[in-house]
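Take a look at the structures below.
Each of the next two complexes has chain A plus one more chain, namely chain B in the first and chain C in the second.
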Partner chain A sequence: MKRLQGLPTFQELVSLAVRIITSRTFLEIVVFPGLLNILLSAALLTWLERKVIARVQLRIGPLYAGMWGILQPIADGVKLMFKEMIFPELADAKLLMLCALSLMLIAAAPVVAIPFGDGLVIANMDIGLIYVFAVISLFPSVILLIGWGSNSKFSFLGGLRSLFQQVSYEIPMWLSVLGIVMLTGTLNLSQIVKAQQNVWFALPQVLGFVVFFTAVLAELERIPFDLPEAETELVMGWMTELSGVAFMLGFLAMYTKLYLMSALITTLFLGGWLGPFTVPQPVWFVLKTFVVASIIVIIRGSFPRVRVDLLLKAGWTRLLLLALANIFVTVVLILLGLDWVWRV
Partner chain B sequence: MPDIAFLALSGLVIASAIFALEAKELIYGAVGLAFSLIGVAGLFVLLGAEYLAMFQVAVYVGAVVVLILFTIMLVQRESGRIVEEEEPGRLGRAGVLVAGLVALAVAGAVIILAPVSPEAPESYRVPLRELGVSLASSYAVALVILGLLIGATVLGGLTLAKIDREEKPSGTAQ
Partner chain C sequence: MAFDSWTLMLIFEFLLFLGIFPLLIFGWLMSAKGRNAIRDAPFESGQTHLGEARQRYMMQYYPYLIMFVVFDVVAMFLFTWGLAFTALPFAQDFLFLVFLVILVAPLGYALYLSGKTEVW
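This part shows the complex of A and B:
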């Protein structure tokens, strides 16, 4: 209330601005674990994917923009930004723009809770794990809305398939991390990483790891689960009618989601920022994240697409069963008194 | 700071709730409902109930809104504009006027009487661990009954799906 009595002078405002910009929280939000990092990593992942897929298929991939074509994503981004946005006459352009925008926001929001180093996290929440899953569960409705708003059969079919797939794979995904929560007794992602000081969770939770990885592939709509945008049947799935900036947002959101999911796998199962040598913690984290993302990309290069009935069958019977078996194994571990290794 | 957040969130909740009710197209109504529910989750966070807020987002926005959207899309097949505009009569207008006045009076009373910022007292901020322990000990019976209820619902859904499948003519299966 003090400020109301006299207006702040220009110098006060400038010093306040400088203090805000140089503060740790601001830098964390805008530069490192936050915005800049997310956007650059997502752009880099598009390049990585094209390059890796090209190598798998004995091609060279992007080559001319910068060294090894590393500036290709920037060129693509500029191109898409200047392209005309074309919406079909009966499509709902406003809804499409809103959805594309919120898709990007939803993809970027969970990074807030992911620790890139000891204490290097924007919001160190006690319920970080639930927060991440809660935000991820917003994807299907937005994608369904894009599919409906495009007023095109390809988009709508893609949106419906995406909805079925994501909703049914969310259940094994939630269940597969339950073992970790039981072993550590916490939902805080930083604590979960610290609990892996001795043994990474990929080892005692190997069933959960397999289930989580598979569910992540389905959530990301990537081969072998890329039914929502099966090119041979649905053109580009729910993204068919997006163009220009709206397409860029949707596309970038999917790569941000890839980055986010890789980071989540790293945090939960691969020891997060922990590593053997005296390398800075964020370097370890980003390195592991990109290795996981590369594996997901290589899977895209080497597997065919599954049939839709097999997809749903695998999700509702096999994965669910494996996730429950994982919980059972964890209970046995706890009953044998082996959980002291990870207890925080 | 909580004041600004509270006012902004309340504005979001009320505005999107009105939008959800007034939208001509049902899909927009569902979108408005989603925003309104997200705003309510934000209010829960301000009140120190983060756990509740997360499940508000996951269950209501992530699942219930999807269900509503899906229902709308299944029911309205041809064009989105089925709701026809109806001119309210003289009595209707009077009713709207009275309702608006009452709402204004209630809002005024609430604003004058209640403090703007609903900061939760420290004693209300329950740690998640305590919540889990009490859920598994003193409220264990309720938890089990809820689990049974959900199990029964799933079984009912499966039975309905199975009846549908059996009624199909044999040639079209798969």
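This part shows the complex of A and C:
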């Protein structure tokens, strides 16, 4: 009681600060599965995307900033930071900046539940899967707010399209992972990875995998489903009126989302941190994640864009039916008694 | 120091906010500022803009909206069912499968209709 009455000395404060900074929780939040990891990975993905797309189109891509142009994201970031933030007179500038900020916060939030190794997770949630989906489903509303707030026709149409597309593809995305939940009997992402000790879920849940991958492409608004920012129709979609740092945050949020969706695919279907050789677990995880992200980027380089009505129709009728079929396949798997392979 | 999952999430978000909010302030302070009518107009590929963008748009989303309301609720119930699938006796699982079939049949019929008449 005596200690509470007096103020702590300077040395006590310093030792407390050191204890907090060197604690495992803090390092996890700030360095590896946390902030530094996702920000650097998102920056690296912007470079990877430009480089891979350039290779697909027989160009060279960024070359001069650092080795193979790897410092290009930093150059872009610095450039955007000093750009003028132009918001149209009819737009709500404060709303736009706030939305760009919250877009980044939402995009980074799923990393809390995603395990990068055995026990290497910021918060080992028992409802990890539901949490990730809940956070992802916050995107469309913020994007619609950006479109509405910028009060520009391109932005608003892009925001509306984005809302419809993401809302439509959420349902097949949820239902396609239901098979995994049935096989493992858990929503904890670490447990789901451990259940793939023998066989990855991409094999028994191949239908779910295809549906989930397609739905992720639509959620990420990437080609072939990039209607919300179809360049030839809607300049840059809902990002048209963002500029300067606000644009940088929105852009970074999209790549953070790409990284975390790839990480989610890795966790759910490709065995997460598990791998055949004695390579450290996080290395496996990040490697698989970047392979998945590269595949998504290569798809961008090689496919045309689908029409908006076909997109919605395909999402609701084909993908939803396939996801429901996947549930029946899983029921048959369990009835045949094959589910012991994946039981935790 | 063991924290609750949600506390950890909030700490994470707060640290991220501390990281990126100064960027926004920095950009606001360092960027050039100047107003003129052309720069402040909404971007419409060089055309003169015609007022507000907050008008009515025809989106033809209504059938999807009805389906969303149904399947959004169903999906959440399906998750609780899927979690308990192996714990339940099969007779009870079977009831839910019957419910699913009842749900899928109209969907299949709607698909058939939409292919036939191009309603959507």
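The working rule: the second predicted complex is superposed on the first by the 340 of 344 C-alpha atoms of A that agree within 3 Å, B and C clash if a C-alpha of one lies under 4 Å from a C-alpha of the other, contacts with A are read in each partner's own complex, and residues count from 1 in each chain.
Assume a residue touches a chain if its C-beta (ideal position, glycine included) is under 8 Å from a C-beta of that chain, and two chains touch if they have at least 3 such contacts.
Since this is a predicted model, take the numbers as computed values, not measurements.
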Of the partners chain B and chain C, which touch A:L189 in the superposed model: first, second, both, neither? neither
Check the residue A:L333 against both partner chains and state whether it touches chain B (first), chain C (second), both, or neither. neither
If we overlay the two complexes on their shared chain A, which of chain B and chain C does A:L145 touch? Say first, second, both or neither. first
Name the contact category of A:L242: first (chain B only), second (chain C only), both, or neither. neither
Give one of first, second, both or neither to describe whether A:M125 is in contact with chain B, with chain C, with both, or with none. both
What is the contact status of A:K153 with respect to chain B (first) and chain C (second): first, second, both, or neither? second
Quick one: is A:P88 in contact with chain B, with chain C, with both, or with neither? Answer first, second, both or neither. second
Return first, second, both or neither, reflecting whether A:V286 touches chain B, chain C, both chains, or no partner chain. neither
Contacts of A:A218 with chain B and chain C, given as first, second, both or neither: neither
Counting residues of chain A touched by each partner, does chain B or chain C come out ahead? C
What part of chain A is shared between its chain B contacts and its chain C contacts? 125, 130, 148, 167, 185, 187, 309
Which part of chain A faces chain B closely enough to touch in the complex? 95, 98, 125-127, 130-131, 133-135, 137-138, 140-141, 144-145, 148-149, 163, 167, 185, 187, 309
So, in the complex, the side of chain A touching chain C is made of residues 20, 23, 25, 29-30, 34-35, 39, 80-91, 97, 100-101, 104-105, 108-109, 111-112, 122-125, 130, 148, 150-157, 160, 164, 167-168, 170-171, 174-175, 178-179, 181-182, 185-187, 235, 240-241, 244-246, 248-249, 309, 312-313, 316-317, 320-321, 324, 327-328, 331, 334-335, 339, 343
List the residues on chain C that touch chain A in their complex, please. 1, 3, 5-6, 8-9, 11-13, 15-17, 19-21, 23-24, 26-28, 30-34, 39-45, 49, 52-54, 57, 59-61, 64, 67-68, 71-72, 75, 78-79, 82-87, 90, 93, 97, 100, 104, 107-108, 110-111, 114, 120
Taking the touch rule as given, give the residues of chain B at its contact with chain A in the complex, in rising order. 27-28, 31, 34, 50-51, 54-55, 57-58, 61-63, 65-66, 69-70, 73, 127-129, 174
